[in-house]
Amino acid sequence: MEKLMTLDEAVRKFIKNGSQIALGGFTVMRNPMALAYEIIRQGIKDLHMVCHSHGQALDVLIGAGCVKRLEIAYGGAGRYAPTCIRFKKAIQQGDIEFEDYSNYQMSLRFLAGSLNIPFIPTKSGLGSDLLNYEGFSKEIRTERKVATKKFEIMQNPFIDDKDDVVLLPALNPDVTLIHAQYVGEDGTIRIKGLTFADIEQAKAADIVIVTCEEIVPRSYIRLDPDQNSLPPFFVDAIVKIPYGAHPTGCFAFYDYDPKHLNMYRVYANDDKKFKEYLDEWVYGIKNHEEYLNKVGSDMLMKIKANPVIGYAVGLDRR
Amino acid sequence: MEKLMTLDEAVRKFIKNGSQIALGGFTVMRNPMALAYEIIRQGIKDLHMVCHSHGQALDVLIGAGCVKRLEIAYGGAGRYAPTCIRFKKAIQQGDIEFEDYSNYQMSLRFLAGSLNIPFIPTKSGLGSDLLNYEGFSKEIRTERKVATKKFEIMQNPFIDDKDDVVLLPALNPDVTLIHAQYVGEDGTIRIKGLTFADIEQAKAADIVIVTCEEIVPRSYIRLDPDQNSLPPFFVDAIVKIPYGAHPTGCFAFYDYDPKHLNMYRVYANDDKKFKEYLDEWVYGIKNHEEYLNKVGSDMLMKIKANPVIGYAVGLDRR
Amino acid sequence: MALEYSDNEMMAISAGRFVKDGDIVFAGTGVSMLAATAAKRIYAPKAVIFFETGGIDPSLDEIPMAVSDLRVMSGTCLNSGLIEAFSIVGHRKLHTIAFLGAAQIDKYGNLNTTSIGDYHRPKTRFSGSGGACDVASFASGVITFMQHEKRRFVERLDYLTSVGWYKGGDSRTRLGLVRGGALAVVTNLGVMRFHDETKEMYLDEYYPGVSIEKIIENTGFEIDVSRAKQAVPPTEDELMTLRNEVDPQRLICKA
Amino acid sequence: MALEYSDNEMMAISAGRFVKDGDIVFAGTGVSMLAATAAKRIYAPKAVIFFETGGIDPSLDEIPMAVSDLRVMSGTCLNSGLIEAFSIVGHRKLHTIAFLGAAQIDKYGNLNTTSIGDYHRPKTRFSGSGGACDVASFASGVITFMQHEKRRFVERLDYLTSVGWYKGGDSRTRLGLVRGGALAVVTNLGVMRFHDETKEMYLDEYYPGVSIEKIIENTGFEIDVSRAKQAVPPTEDELMTLRNEVDPQRLICKA
């Protein structure tokens, strides 16, 4: 499979300073963590992140100084960080340019991008400050891959009575990063459990990088193609990297790692300690085997999902 | 399961003269034939059909005089009737009111209906006569469930250069009719093989009637919910009726019936013979067992799909 | 003798009592998850719990700690995605009740989950809308969980993330939001509802041991307390179900 | 000695030769199905065949008789639906070639599959656009199969279902259709292409045994034949693949 490459190659080939990036997954689930760490290690800067609800991968990228610009609905990691900590600090300190949308709005913008239509209507947000405040300045709005307007309100042309509709501009990120459970030897992607907005994000993008838990035979992935998520031709790079979403979870493979997420919260809250975290868990990591060794086989066994039930039954999640 | 009912009950309860109806399936696949036959037997009139590409079920309904109004992209049954015959006659004779759209346009209109948005943009059709001719008169356009305009062309508000976009009005049919392979005892629907626009049509509708090949245990349908197509709360009536799509096919269960489709073409081409067809295959049928007896166990065995490959290997399809 | 119970337990049960059989319940994280699950197990067995992430009717043998938790995808009738989920919230054939949390609320039930201070350079930044704005736009009714504090019940929100009754009266409908609105606010002190016509918040129930005065003191705007009555405390059955079935690991009940 | 071959076989092979490795090929019914499959088996093994119904890259061990045939859902990499399929046709990162059929064509490659005569009360009604209008709007290039008859190659279409080069020159782009257009027309007599600037149809190849005059006679508008050359007949290899692997039941080859 010619698209198969290493983490290093995939990031080096497709992600540049200033790239617009969409992340698969959601808050604490199937975050493309291995890719995020590699982006940090390669010192890529000025990323423009386009997100619905994101947590761990986004927060690490912001904390490591890779992000210049952010369109987002939600920055949080469930009960482990109701608001993502480096995200919160970056906004409060004026370190990043940001623009708020809602989850449905961002998902619809990816849907529009995936359908190759320039905008999509919704009624969501009427009356809210999402439609009163613009985060991006006029200067930013002239830049590449930034919509010329946050939204447009128009009258529904199919009825005579007053009927306001919000038009949202499509999103077409430079690169979408996805972590999936299975990739077939033919390049077909299969995500198990919830897909969030991964499919729309992938189809909307110019480039799609997929990391995966397992590469499976063509005969297996094509036996029941109803279950598959993306055809091979939408995918540009495939990297096999088991536990590539740790410390976030991966349905039917492993749960989120509560110990790591709690530890992260403590480190993220303190600028100096956060540097130590990056040194220890990102910069200092030579390869993925070393990363998994640091997590420890003890914890890997604890978070191992029951493959039928999908999560780690009885895991201590405090 | 309280939604479980007979064919007779489902049609009597939910379909009225003048109802706007969407059909699941596509040309010769998973047409809700048993439901179409029951609609004919109950003498329901003045239906307003909203279709992308439809074949057998639509043609029988038109031929039996149940249809007054039609929005459609394509009327055909593959190589067995490149243009559906009763559909063709009805339009040529001026028997039905019709409006042409394309397949993507109709699918997008259902998508808009399913998303609860009043319209959806596309670039499809720019320059074509789909956007020059209106099939429906101004009078029809004032009626219930008919869009006030066929479409609207607007300037993309997110760019300064001239950029025309077609807005298509959403569709929200009164009733969507679907034939599925599996329904769980909890009411969950699972369609195998291609889903066409069934999901969007179902979610866009006020009422959804599902006929199915098999009702399976809750434990089975919930073991891998990634494979399911519709949650129970979108479905209003469930009818178990094996071979309910015959003579069209049903992936992994049975192929289309080439003998029947060829026979139908001959009968449909002649007004008198078409009446005989209806008498023999619709009006004269007391129950589904009798229908299957008429098809014959010989043919049922011939069209039986190989459950792994999905179709009837080597079936004589001339 | 009545059992002791935590604030979260009282809040979950107060909110759960609003759910009717057959309702489609949109749950967020935290108490909202507890309330939704409790409602289904105790009052409304035919209610369907779903999440903005796309998980519909999971078995919930363990309580999820995030709306993307693996536990919201296990034993469901359907695993889909965000677009599917939000189109369910607003579906006209479904009666959908949403549980939300917020940092600030005003007397019309409008919510702020975005920031405090200047929007562009906030004093405190929160997570943002997530699906809250969407759900507030589309659901048949919204129940909000709040810590009852003066700085949270405010005259004017720093940022209006999610529309409740907007400016009161019929102003919500005039925006173009055809249904829904704020149904109730459930806090650690009591339950607030909204006047049928003016859509202003009033005190409906105060919890046992909480005085009406305490609620007035902790509310940053004038609130009508003329119809207030004491809430029925959780029954032993309710508490046992909550502790043994809904949250056996006591991850949320405890707080 | 060369093998005998049918019109459909010559057409399938002429069209198949346009497909490049890696192309995403949109196939309809009939000859188009034959051509797409032949292309993949003979010239472009890495081409992906897909259908407007949502079937992507099926094994095609038997030839489908309709785009909804069970055979387009078997052995695929993905079974999806119409919206997915049409968003593939227009996807900017894919080079998509579409095979279409039509009842009428004009010199700019615009197609009619709707009706002959008055639109509201036609003399002959056809199936309608189906996905043709969409594909003609979005694909990187369209190859059309036609029976070569004067009444089909017309000065003016009765109904313009699917846009080719519209009114010639850059008129297609000015409509807002950013890519694509008519690539070729493959008939039972020869292969037509379009002038780079004017976008007018010209005769590129005539089949062995067919005279240029016959093509002129059967074309209802003036056609440039100055660049016409004889087509290479199907090789034995091509025919054997077509008959033994693509359509072993001879369902379409025969005609």
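Which chain is which? They are A, B, C and D, in the order written, and residues in each are numbered from 1.
Methods note: a residue touches a chain if its C-beta (ideal position, glycine included) is under 8 Å from a C-beta of that chain, and two chains touch if they have at least 3 such contacts.
All values derive from a computational prediction rather than experimental measurement.
Asks: Treat each pair of touching chains as one step and give the shortest count from subunit A to subunit D.
Replies: Step count on the best path from subunit A to subunit D: 1.
Asks: Given the two chain pairs A-C and B-C, which is bridged by the higher number of C-beta pairs in contact?
Replies: Top pair by contacting C-beta pairs is A-C.
Asks: At what distance in angstrom does the C-alpha mean of subunit D lie from that of subunit B?
Replies: Going by mean C-alpha positions, subunit B sits 27 Å from subunit D.
Asks: How far is the middle of subunit B from the middle of subunit C, if each middle is the mean of its Cα atoms, in Å?
Replies: Between these chains, centre-to-centre, one finds 40 Å.
Asks: For subunit A and subunit B, what's the span in angstrom between their mean Cα positions?
Replies: Computed from C-alpha means, the inter-chain centre distance equals 38 Å.
Asks: Pull out every residue in subunit C that's touching 2 or more other chains.
Replies: 73, 75, 79, 83, 90, 138
Asks: Where in subunit B do residues touch at least two different other chains?
Replies: Correct list: 108, 115-116, 123, 163, 165, 193, 226.
Asks: Indicate which of the five shapes (line, ring, star, complete, other) describes how the chains touch one another.
Replies: It is other, because the touches fit no line, ring, star or complete pattern.
Asks: Okay, what are all the chain pairs that touch?
Replies: A-B, A-C, A-D, B-C, B-D
Asks: Can you list the subunit A residues touching subunit C in their complex?
Replies: 25-29, 52-53, 55, 72-80, 82-84, 87-88, 91-92, 94, 100-105, 107-108, 111, 123-130, 132-133, 135, 162-165, 193-200, 249, 251, 255-256, 305, 309-311, 313-314, 317-318
Asks: So in the complex, which bits of subunit B are touching subunit A?
Replies: 108, 115-123, 147-149, 152, 154, 156-160, 163, 165, 167, 169, 192-193, 223-224, 226-227, 308
Asks: Which positions of subunit C touch subunit A when the two form their complex?
Replies: For this pair, the touching residues of subunit C are 29-30, 52-55, 62, 65-75, 79-83, 86, 90, 114-115, 119-134, 136-138, 159-163, 166, 172, 175-177, 249, 251.
Asks: Can you name the residues of subunit B that touch subunit C in the complex?
Replies: Contact set of subunit B toward subunit C: 114-116, 184, 186-188, 203, 206, 221-222, 225-226, 228-234.
Asks: State the interface residues of subunit D toward subunit A in the complex, per the touch definition above.
Replies: 24, 48, 56-57, 73, 75-79, 83, 87-88, 90-94, 138
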